[in-house]
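Structure provided below as C-alpha cells; questions to follow.
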C-alpha cells in the first residue's frame, strides 16, 4: 500500500521534470544552452503566485473547467499498474475507463477553449477535436489487442500478467501494438509532429491555442494536467510494453521504472528533434498508421497466433 | 388482447419515464402553440398509442396502435405548419412510416396466416413451418428500421424531427424510435426464433454504418435539432450493434454473452431515451428564446439560461459516452461484448468484428467533437445575435421538465445495478440466461464484463473519486485566496466580437474537410475583394450545406422514376376519350384469347401468337397512323 | 306485398316530381326516407325470403347491399336540397332529376334483389339508362357530350354483360332448363355444368362488361369525366349505389365461377385488378382535381373489393364495400362544397370554414379523407388487413408462393403511392393556400354526419359479426 | 339447314353494313339484319314449337326491322344528322380484320363443339357478330352509326339467345325489349336537348 501511494506521489512529483527533461534534451541536441531541469517547477511556482485574469466574455465554465481538466487525470494516476511486484494496485478499472477519463479531461479542455470568445481558443478546440476523434479508435483497438495478450483488460492486472510472463509467442502483434501506442502517446500529448508545445504560432498551435488566455493558477493547473497526462501515458507504456524488472525489491524496481520513463521521454525528444511538425491535414496519416498497426496486431494475433 | 410480460412492462416504463417530464415541459411550452386542442388531443393519443403498441398481445392490436402512433405523430409535426418546409417534412415522414408499415403488414399476414387475432407464440408455430424465414426477417427489418431511422432508411429524421414542436421532437426521438426497438426484441425473440448467424451480422453491419454516418452528418449540421436528430441515428446504430452482437452470440450458442449484449442494448436504449429527450428539451428551450434553430445565431447563453445550460451539459457528457455517466456505462458494456468476440470460433467473424469496434470507437470520438461544438457554440462565448443577447431562462414548467429528465439521467447513472437487474429479468422472460450474478458478482460497486478476462468498471467509485478530487482542488483554490481581475479577451490587440470568434461551421471545418469525399457538400463562398487582392476583402460570406447520405441516390431517383411512369400512364390513358370502342374490342380479344389458351390447352407458341395478334390490333385500332 | 312496399316510395317520388310546386322538393327526401323503412323491415325478416317467387329473393347479402344503398340515397337526397346554393340549377331540372331518380331506384331494387340473371340485367340496364338522363340535368355542352359518351359506353358494357349471361345460361341449360337463369340453382349445380369452358367464356365476357362499367382497366377515366361534367350528387349516386348494383352481380357470378374452376377465376381477376390498380395508382399520382382523384380512388377500391372477394376474404370484401359505399359519396358531396370557389383548387380548400357548422364540416371532411386511405380507425383499415390476410393465405396454398407474395408487395407499394398522393392533397388542403371565408349548409352537414354515423356503426363488433355471417 | 342459310345472311348483312358510307344505307342494312333475325326466330320457334320464341320473332320484326329504322330515319331528318359517314378504319385493314375475327371466334369456340348438343358454330358466329358490331362502332365518329352499332350488338345477343340456347325465358326477352324502347326514349330526349342547345 505504501509503495502504491509512494509511486503515485512520485509520478506526480516528476511529472514537470519529465517535460523539462525533454525540452532540455532537445535544446542540447540542437546545440542550444539547455534550460534547467527544474524549469517546470519554477513555472509552476511563479504561476501560483500570479493573479488570475478572467476574460469578461468568459462564463462560469472558465472557473470550473480547469479543475475538471485536472481531476480525471489525477484520478487516473491511482489506476496505473504497479511498479513493484506484489504492490497494491487498483483491480477494478480497465483500459476503457482510463481512455474515457482522459477523453473527459480533453472534453472540458475544449470547452474551456471555446469559452473565452477568442478565435484562438475556437481554433484550438476544433483542431483538438479533430485529432481526438481520430485517436479514439486507434486507442481502443490497441487496448483490445494488448488486453488479449495480457489476458486481462484491467490495466493493473494486465501489467502484472505481462510482467509475470512475457508473451513470446505473440511478439509480432505485441510489437505492432507498442508502435501504435507510442504514436498515440505522441498524439495525445501534443508533441511534434502532431503539435508543437513550444511555439505560439497560430498555424501550428493546438493545445496552446486552447489555453491562450488562461493565466495564473488556472494556467498552472492546466500545465500540471498536461504533464500528468504525459506521465500517465509514459508509465502505461512502461508497464505494458516494457514489462520487466518488477521482481526486484523496491528501490531498484522503482529506479528501473523511472529509468524507463526517462528513456521514453528521451525517445520523444529524439523524434521531436528529427521530425518537422505535420500540417493539420497530414496528421490523420500518422494516426492512420497507428490504426493500421492496431489492426495488424489484432490480425496477427488471431490468424498467425504470433 | 393485451399482455404485460417483463419486456412490455420495461418498455412501458421507458415510455412513462420519457413522457412524464415531457408532460411538464410541454405544459410550459403550450402557451406558444396556437392550435392547443389539436396539440393536446394528438399528444395524448400519441403517448397512449405508444403504450398500446408495447402492451398489445396480437397482431391486430399491434398494427392498429402502430398506425395510430404514426398518424398522431404526423399530425403533431403539422401542429405549427407555417412554412412549406414543415409540410413537406411531415409528408415525407408519413410516407416513410407507411413504407415501413407495408412490410410489417406483410410480415404479420404471413406469420399469422391472415388470422390477426392469434397471439405471438402461436405465430411462432406458423413461422417455423414457413419456408423462407429470411424473407420475414427482412420484412421485419425494413418495417422497424424505417421507423427507428437506421441507414439507409434514416433520411426522414433530420427533416421531420426539427419541424415538430420541441416537446414532440423530444418524444419522437427519445421514445418513439425505441418502440421500433421493442418491435425488434418482441418479434425476433418470440416469433422468428432461432436465428441464423447471418441475421446478426446484417444487424451488426447496419448498426455500425448507422452509428458512423449518423454522427458524421450530425457534425456537419448547424440546425441544432437536425444535429440532435442525426445523433438519434447514431445511437440507434449503437443499440443495433449491441443487438447484433447478442444475436451473433445467441446463434453461436454463447448464451451468457448474448444475454450480456442484449442487456447492453436495452441499457443503451434507456440511456438514449433519457439524454436525447433532455437534449431536445434544452434545444427547445434555446430555440424558444432565440426563435431560430440556426446554431450560428446562438452563443453565450450559459449566462442567461443557467438551468438549461447545466442540464444540457449533463446530457452532452452522457451522450459523448464519458465516464462516469450512464452513456459511458452502456457503451462500455457494448464494447465489452464486442471484445468478447475473441470467444467466437469463427475466424472470419473474429477478424470482422474489430471493424465494428473501430466504427463504434470512431463514433465515440466524433460524438465528443460534435457535442463540444454543440455546447460550446450554443452556450459559451459571445452571443452571435441580438436574440441570443436578450434571451433569458424559460418558464418554470419547462425548467421542471428538464430537471425531471436530468433526474432520470442521474438515476440511470446511480442505480445502474437496479436497471440491469430489470433488463436481466426481461432476458429471462425471453428465454435467455440470467447474467446479473455474473455482472455484479461482488455487490453493486463493481460491474464486470462476462467475457473471459474482460474488464471491470465501478461507476459509483469513479463518480465519487472524480467529485472528491474536483472538490478538493476547488477547495484548495478557494483556500489560496487568489486575486482575480476581469479583463477582455486578448486577441492580438483587436476587440473580440461575435464575428471574430469561431463559428460552428468553422469548428467542424477540419472534420468536414477530412470527410469531404463522403459529404460532397455544396459550398457557397462569396467575397467582395478589394481591388483584386485575393487576400483583402471588405465582406465575405461562406455557407455550406450537406444533404443526408443516399437522399439523391435512393430517394430522389425513385421520385423521378415514379414521375416518369405516371406521365406515360397519363398519356396512354387518354386514348380512351376517343377510342373506347377499340379499347373494349382489344380487351375482349385478349381476355377471350387468354381464356382459350390458359383454360383449354396451354402452349407457349399460342401465347406468343396471342401477343403478336394483340400488338398488331392495338397498333391498328388504337394507336393508328400519325396524322 | 313486400315488393309493392319497396317500389311504392319510388312511384310516389315519380308522381311528386310531376307536380310544379316550389316546396315539392322537400317531399322528395322524405320519400327516399320512406324507401328505407321496408328495407329495414326486410332486414329483420328471416332469410332467404322470397319477395317474388324465385325471381326476387332477399338473402343476407343483397339486403345488406340494399340497406347500404338506401342509406346513401337518403344522404344524397338530403344534400340535393341545397344543390342550387352551390350550382345553377332550375326547378324543372330538379323535378326531372327526381323523376329519373325514381326510375333509377326501381331498377336498382330489382337488380340488387334479383335471384335471376335476366331480372338482374334488366334492372341494371334500367338504372343505367336513367342515370344517363341525370347527367343531363346540368345544361352544359360538356355534360351533353359526356351523357352521350356514357350512353354508348354504358350500353356496350351492359350488352357485354347480357352476352355473358346468355352464354352462361346456354352452358347450364342442358341440366337446368329454363331455371338455368337462377343464381341459387346455378350455384347448387355448378359442378355438373357440361361445358365449363362455355360458362367461363360467358363469365369472362360478363365480367369484362361489369369491369368496364366500374371503370377498371382500360376505361379508367370515363367515369371521372362524367362525374366532373355532371352535378356532384350524380357522382355520389354513381359511386355509392350504381357501383353496388354492379358489384353484387360480380359477387354472385364469381361465386358460381369459383365452383366451376377456381384457379382460372382467380388468375383472371388477380391479373386484371393488379393491372387496374397499377394504372390507377399512377393516374392518381397526377390527378389535380377532386372529382378525378375521388373517382379514381373509387376505381381502386372497387378493384380491391373484387380482389378480396375472389381471394376468399368475403368478410373483408363486404366491409370494404360498405365503407367505400359510405365514404365515397360523402367525399363527392363535400367536393360540391369544397369547390364553391371554383374547380381545380386544392390548396387551402379546407381552410376558412368558421363557426360551428364550418368547424364540423372541415373536421368531418378531413376524417373522411384520412379514412379513405385506410388509416385507423377507419373500417377500411380493418378490411384491408383481413383482405390481404386472405390473399396471403391463398398465396401460401398456391404453388407459386413467392411470385404471389411479390405481387402482393407490388400491390401494397402501389397503394402507398396513392396514400402519398392523398396525404399530399390533404396537407395542401389544410395547410397551404390562403384563408377565405366559405359557407356550408345544414342539409349537406346532415348528409355527411349521416355517413359518418353509418361508418361508426360499421365499426361495431355486432356489425362485424353480422358481416362474417353473411357468406 | 335453312337456319344455317339465314345465319349466313345475318352475318352477311352485318359485314356489308361495315362497308357502307351512307347513313340511310346503314339503317337499311340494319333493318335487313333484324329481318333475318326475326325470320330465324320464327323458324327456330316453329321447329321447337316454342310460343315465346314466336312472340319474340314477331316483336323483332315489328320493332327492330320496322320501328327502330323508321324512328332513326325520322330522327335524322328532324335533327339533320350527318349523312356522309366514311369509315375511319381503312378498307384494306377491314378486309383483313373481318376474316381474322371469324377465324379467331371459330378457334375460340373449338373446345366447346363436343360439349353442347346444339351447334357450337352458332356461338362462334354470334361472338364474331358481337365483335363485328364493335368494329362498326369503332369505325364511325358520329353518334348515329354508333347507335346502330349498339343496336346490332343487341341483334347479336338475340342471335345467340335464339340459336345457341334455343330461347330464353319469356320474361327476360320482354324485359330486353322494354329496355330497348327505354333506350330509344332516352336518345330522343338527348337529341331534343341537343336541338334546344344548338
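Order of writing sets the chain letters: A, B, C and D. Residues in each chain are counted from 1.
We adopt the following convention: a residue touches a chain if its C-beta (ideal position, glycine included) is under 8 Å from a C-beta of that chain, and two chains touch if they have at least 3 such contacts.
These numbers were taken from a predicted model, which means no experiment stands behind them.
**Student:** Counting C-beta pairs in contact, which comes out ahead: B-D or C-D?
**Tutor:** Between C-D and B-D, the larger count of C-beta pairs in contact belongs to C-D.
**Student:** When you average C-alpha coordinates per chain, which one falls nearest the overall C-alpha average? Tell me, please.
**Tutor:** That would be B.
**Student:** Once you find the CA centre of chain C and the CA centre of chain D, what distance in Å lies between them?
**Tutor:** Here the centre of chain D sits 31 Å away from the centre of chain C.
**Student:** Round to the nearest whole Å and give the separation of the Cα centres of chain A and chain D.
**Tutor:** Going by mean C-alpha positions, chain A sits 101 Å from chain D.
**Student:** With chain centres taken as the means of their Cα atoms, state the distance from chain B to chain D in Å.
**Tutor:** About 68 Å separates the centre of chain B from that of chain D.
**Student:** From the mean C-alpha coordinate of chain A to that of chain B, what's the distance rounded to whole Å?
**Tutor:** 36
**Student:** In chain C, what residues contact two or more other chains?
**Tutor:** 152, 156, 197, 201
**Student:** Could you list the positions in chain B whose residues touch two or more of the other chains?
**Tutor:** Each of 581, 584, 588, 592, 600 in chain B touches at least two other chains.
**Student:** Please set out, as single numbers or ranges, the residues of chain A touching at least two other chains.
**Tutor:** Residues of chain A touching two or more partner chains: there are none.
**Student:** By the document's touch definition, which label belongs to this structure's chain graph: line, ring, star, complete, or other?
**Tutor:** Basically it's none of the tidy shapes, so other.
**Student:** Of all possible chain pairs, which ones touch?
**Tutor:** Pairwise, the chains that meet the contact rule are A-B, B-C, B-D, C-D.
**Student:** Which bits of chain C are touching chain D when the two form their complex?
**Tutor:** Against chain D, the touching part of chain C is residues 55, 118-119, 121-122, 125-126, 129, 132-133, 136, 139, 141, 144, 147-148, 151-152, 155-156, 159, 162-163, 166-167, 169-171, 173-174, 178, 181, 194-195, 197-198, 201.
**Student:** Considering the complex alone, what residue numbers of chain D touch chain B?
**Tutor:** Residues 89, 93, 97, 104, 107-108, 111, 127, 131, 134-135, 137-138, 146, 149 of chain D touch chain B in their complex.
**Student:** In the complex, go through chain B and note every residue touching chain C.
**Tutor:** Contact set of chain B toward chain C: 60, 63-64, 67-68, 71, 78, 81, 84, 86-87, 90-91, 94-95, 98-99, 102, 105-106, 109-110, 112-116, 131-132, 135, 562, 565-567, 569-570, 573-574, 576-577, 580-581, 583-584, 587-588, 591-592, 594-595, 598-600.
**Student:** Considering the complex alone, what residue numbers of chain A touch chain B?
**Tutor:** Within the complex, chain A touches chain B at residues 48, 51-61, 64, 67-68, 70-72, 74-75, 78, 91-97, 100-101, 103-104, 106-107, 110-111, 113-123, 125-127, 129-130, 132-137, 139-141, 144, 147-148, 151-154, 212-213, 216-217, 221, 280-281, 284, 291, 295, 298-299, 302-303.
**Student:** What part of chain B is in contact with chain D in the complex they form?
**Tutor:** Listed in rising order, the residues are 579, 581-582, 584-585, 588-589, 592-593, 596, 600, 613, 620-621.
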